[in-house]
Amino acid sequence: MRHEYALYVHKIPVGVLGASGYAGRELCALIQRHPRLTLAYATANSQRGETAQLPGGGSVTFVAADDVTLGHATLAFSALPHGASAEWVARAREDGVKVVDLSADLRIGNGSSDGIPYGLTEWNRQAVRGATLVANPGCYPTSALMAILPLLEQGLVADGATININAASGVTGAGLTARLDLLFGEVTENFRAYGVGNGHRHLKEMRAMVAAMPTDVDLIFTPHLLPVARGILSTITVPLRAPLSDPLAPFAARYANEPFIEVSPDLPELRHVQGRNVVRLTVRRLEGVRTPTIQVFSAIDNLMKGAAGQAMQNANLMLGLDETMGLPA
Amino acid sequence: MRHEYALYVHKIPVGVLGASGYAGRELCALIQRHPRLTLAYATANSQRGETAQLPGGGSVTFVAADDVTLGHATLAFSALPHGASAEWVARAREDGVKVVDLSADLRIGNGSSDGIPYGLTEWNRQAVRGATLVANPGCYPTSALMAILPLLEQGLVADGATININAASGVTGAGLTARLDLLFGEVTENFRAYGVGNGHRHLKEMRAMVAAMPTDVDLIFTPHLLPVARGILSTITVPLRAPLSDPLAPFAARYANEPFIEVSPDLPELRHVQGRNVVRLTVRRLEGVRTPTIQVFSAIDNLMKGAAGQAMQNANLMLGLDETMGLPA
Amino acid sequence: MRHEYALYVHKIPVGVLGASGYAGRELCALIQRHPRLTLAYATANSQRGETAQLPGGGSVTFVAADDVTLGHATLAFSALPHGASAEWVARAREDGVKVVDLSADLRIGNGSSDGIPYGLTEWNRQAVRGATLVANPGCYPTSALMAILPLLEQGLVADGATININAASGVTGAGLTARLDLLFGEVTENFRAYGVGNGHRHLKEMRAMVAAMPTDVDLIFTPHLLPVARGILSTITVPLRAPLSDPLAPFAARYANEPFIEVSPDLPELRHVQGRNVVRLTVRRLEGVRTPTIQVFSAIDNLMKGAAGQAMQNANLMLGLDETMGLPA
Amino acid sequence: MRHEYALYVHKIPVGVLGASGYAGRELCALIQRHPRLTLAYATANSQRGETAQLPGGGSVTFVAADDVTLGHATLAFSALPHGASAEWVARAREDGVKVVDLSADLRIGNGSSDGIPYGLTEWNRQAVRGATLVANPGCYPTSALMAILPLLEQGLVADGATININAASGVTGAGLTARLDLLFGEVTENFRAYGVGNGHRHLKEMRAMVAAMPTDVDLIFTPHLLPVARGILSTITVPLRAPLSDPLAPFAARYANEPFIEVSPDLPELRHVQGRNVVRLTVRRLEGVRTPTIQVFSAIDNLMKGAAGQAMQNANLMLGLDETMGLPA
């Protein structure tokens, strides 16, 4: 009976540009399981005509972007590489297509982001709801900002403090690209930092969001490459203005009604969040240091809440649908 | 005192052509630790001028092959890709350099192998000792032939039988090449067969060696890709002419004095052989089948006994050195 | 609207005995997402009162089996250990509860299976539909029998032939038990055979099913332990009565209308089936052997089609529900 | 000739108490390859009479501690569990045996360490050389202290600063113990922090060493569990008294003549150090923070420089041998 029912529901056509990578395939899979969306096109120039398996079953056949009428979709996700995305976003918009851009091209802190809502959904819901273009956040910033912003918003962080974000990500964060340093033989049984110092693009994104908060803080961000496929764990050290009797309280309050934020007393693990569009958070108070200090631990699936899942969350809002529709929480 | 002693020993210069891949680096590492060899050159055109870490410590700086006087080495290992190796082997020989070719170009069963000793050391020691050119066996054939040849040599296999070689290898067997299907994200938590049927180059090599044996048998060979970096395990089913009261005996007898063959009552595991130039074997008798049948289990490190280690074993013989010199057993 | 609809549907209470292991947790997760079932109880004596995370989100709190009124469930799954299950199955049946037993206690080939339907669903659907007790197949037998039975049923296998089943499983097949040889440090980068010869319990189960077929064949079964969490790949060599022009055809015909069997021209991989209640199959014809021979490749998720998923498939039938309900395909 | 030479060298008998764990086996392997040591006994009560494979080949048969005359060894390593070690250390010393204790029982910061040299070799060489008992450091402290102490010794750290040690370790750091949370199925594709806050025993050890330095600093230490077998990477953030023009210089100067400390401009990776008795270090200056700050990255093999290797380094000194003897660098 549920299937018959579904037959009479109008399905909204959506497209995926740059569908052959990890985030692109995840988007196709989410669309295929979404009760109200249908996949209008999935472009991948280098794999045109090829059929790929999708996570969780199903498959998709890629077409060349030039062979597609972009306007056949009501909304398009761009999972094109950084640098290549902006042009296609512009083309789609010219054809009247709403766009969620998963690339870094239009994100806050990257220069060309004026007026484009930054799709950290829980912090920008109203702007996203009315937008025709949304810049979807990076995976590391999603993990870190969800853990930092409640403290900054509530004025709990020491002024001038340095917030230290130590994060580790699975390899799919680097995309489906044939790099020698991402081969199994190079990653298994290994662990290393990378992009240390000022270099990682995601740091600008985080600093831009933090700059809008009342307290003036510095950020340190150190990403590491884990021998896992999916998931980011951020271990974030925050010097406080004053000790907190219940350090979970600021998070529990801020995220009380958020379906995709799990505030838990337990330390989050990657396996708690893999395949799910959630941020899982906890907080620990540190002893033996003279400055009152907490650590916030934040875990996400980099391809879900860190990319395709959050993009779908934003698309649901932009299309007037229930924000949670089609998303595994 | 040991170090002073070493100062007075003449070191033999050896070179490595195609040194930047997995087998090439392993060769460089073995040479650097070898008491009687010194590294004359390590070529890698695409990485000329770059310095790479070697397994177990140490490093090597690559040079372009065209910038090298091949004759400055007494012996050269070629770890160049299949197809590209034969030409450089010929050049080195013109300059009077002995060569161990780790590529498939000159191996038995591959057409151009006439008169070139096949360096399965334990089965071809005399030919290797006097050779100026040796074709080093493939990794799968080394693992399988060591397990099959004693049975065939001793006439224990049923005439017309089919020997079924089911093998699984770590990813370094595919070389240090930027292929999407070898990315960590594609290999972790995965397992798959490949090259099924008649297709794998190694099958020809095995059939050619088996054809020289008195019993006429068929071979089935099915390789699989493991989510591990190093190691091959072969599970080989052999129908016998008659039941064997002690199925280990043919192996214990044939390999009694071999320093690099471990015949054990226990099932071999990859971790028993990683980093070591050995083949580890055991045998199990199968019950409940009407044809008397055994299974032979054979484990090697594909980069050691399956490539660089066996190449060094052959080089030691060709240079008149102790066969075990510089090799971890 | 879909949610409102669900409110008015009667939910059937089902229980899980021995819920703290891998299969037990998977069952709890499947029940929680099932549109027509509700979890009546989840027992685990050693973890009574503890709350565990479930795969895919959600959680469950365990109770002691003695504190439960078994009859509060219409159907119970027993994921208790082999040996401990039979007693609780009997108790539940005395209380009028239908049972799917995931242990080996009542399976065909194990002595006490008289008249108890063997829940290899696609081969025993009618018996399962009317049953109040079903013995759920082992994971290896599910993978292998799905690949062998169509050939035997259609008389395609050579009489007296030996079918060679070479299989590799992820570690969750061994259960959530604190064994030293299952520690991460012992399994990572390793691969090994185990239970070789006649020893594995699953071989009896397979032989019993095969014995009911018209052709008289021998079975060889060699399990291996993979460094992956979930999944079984079986590589099965089958000598044929005569060559097959289209070796996929017997499978395509037999499984044409089966929602959980995927017959594909491509070699199956573990990642194609993880998290899904499917068997994925392909066939390759072997060249260069005098007996016409094929290899069948069969992949399943050992916790889904190999355990909890198939158990739910059977439960759906026993409860008069759609067989596919609540199952990810 | 080298082998004949070795025959005339006197070998010193050494024993291993608690030899069946990861560190114990590594010690046995190091002793078997050591040119001047011979294994007098290897005790493991629960595995008495059993033979275990050692890393890198070789094997050892365990005996019960009560069946051993401790005094048959000149020196004993205790790799017994924390709590159980102190008693056996005392017994061995009563029998005139020198002892390197790898447990935490007698380490600095743990209460009963008065006057017992802490075997962080590069920082305590003179005391170790003359000692009959040495407390071998923990793995995390070795990794972190090697990275911190040069900065503190040279007065470069801001007074009152908080040094943030974010570290990740492979599972062998937890020992060869049958814990559910260390099973392959629980660790693969996972990552998590543990022992957060004040709880980890290693923090006391680090604080005690740091307290002896001229600058007064706080330490934060957050360990994480990696899905790898061996290795620790520490990412350590240090606020400085003043900017450093060459942040590597303090390390290059302090460790210039140390054979087991590698100061490199490149970020260290676990694969650079696995199987080797080294600490590999680099430093990065952070931009965009108002306090001059550096990050030090430090990698070790937790079983080598973090346990058995450093223990052997200390034993060599205590026995009057060359410090590097028998150790892979």
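Letters are used for the chains, namely A, B, C and D, taken in the order the chains are written, and counting of residues starts over at 1 for each.
The criterion applied here is as follows: contacts are C-beta pairs under 8 Å (C-beta built on N, C-alpha and C of every residue); 3 or more make two chains touch, one makes a residue touch a chain.
Note that the coordinates shown come from a computational prediction; the quantities given were computed from them, not determined experimentally.
Looking at A-D and C-D side by side, the one with more C-beta contacts is A-D. For subunit C, the chain with the farthest CA centroid is D.
Between subunit B and subunit D the centroid-to-centroid distance comes to 36 Å (mean Cα coordinates, whole Å). For this pair, subunit C with subunit D, the centres built from the Cα atoms lie 46 Å apart. For this pair, subunit A with subunit D, the centres built from the Cα atoms lie 39 Å apart.
Residue numbers of subunit D whose C-beta contacts span two or more other chains: 170, 186, 188-189, 227-229, 271. Contact residues of subunit C toward subunit A in the complex are 2, 5, 35, 53, 56-57, 188-189, 271-272, 275-276, 278, 328-329. Here subunit B touches subunit C in the complex through residues 160, 162, 164, 166, 168, 170, 186, 188-194, 196-198, 203, 207, 218-220, 222, 224, 226-231, 233, 235, 237, 239, 267-271, 274, 284-291, 293, 295, 297, going by the rule given at the top.
Contact residues of subunit C toward subunit D in the complex are 22, 170-172, 176, 178-180, 182-189, 227-229.
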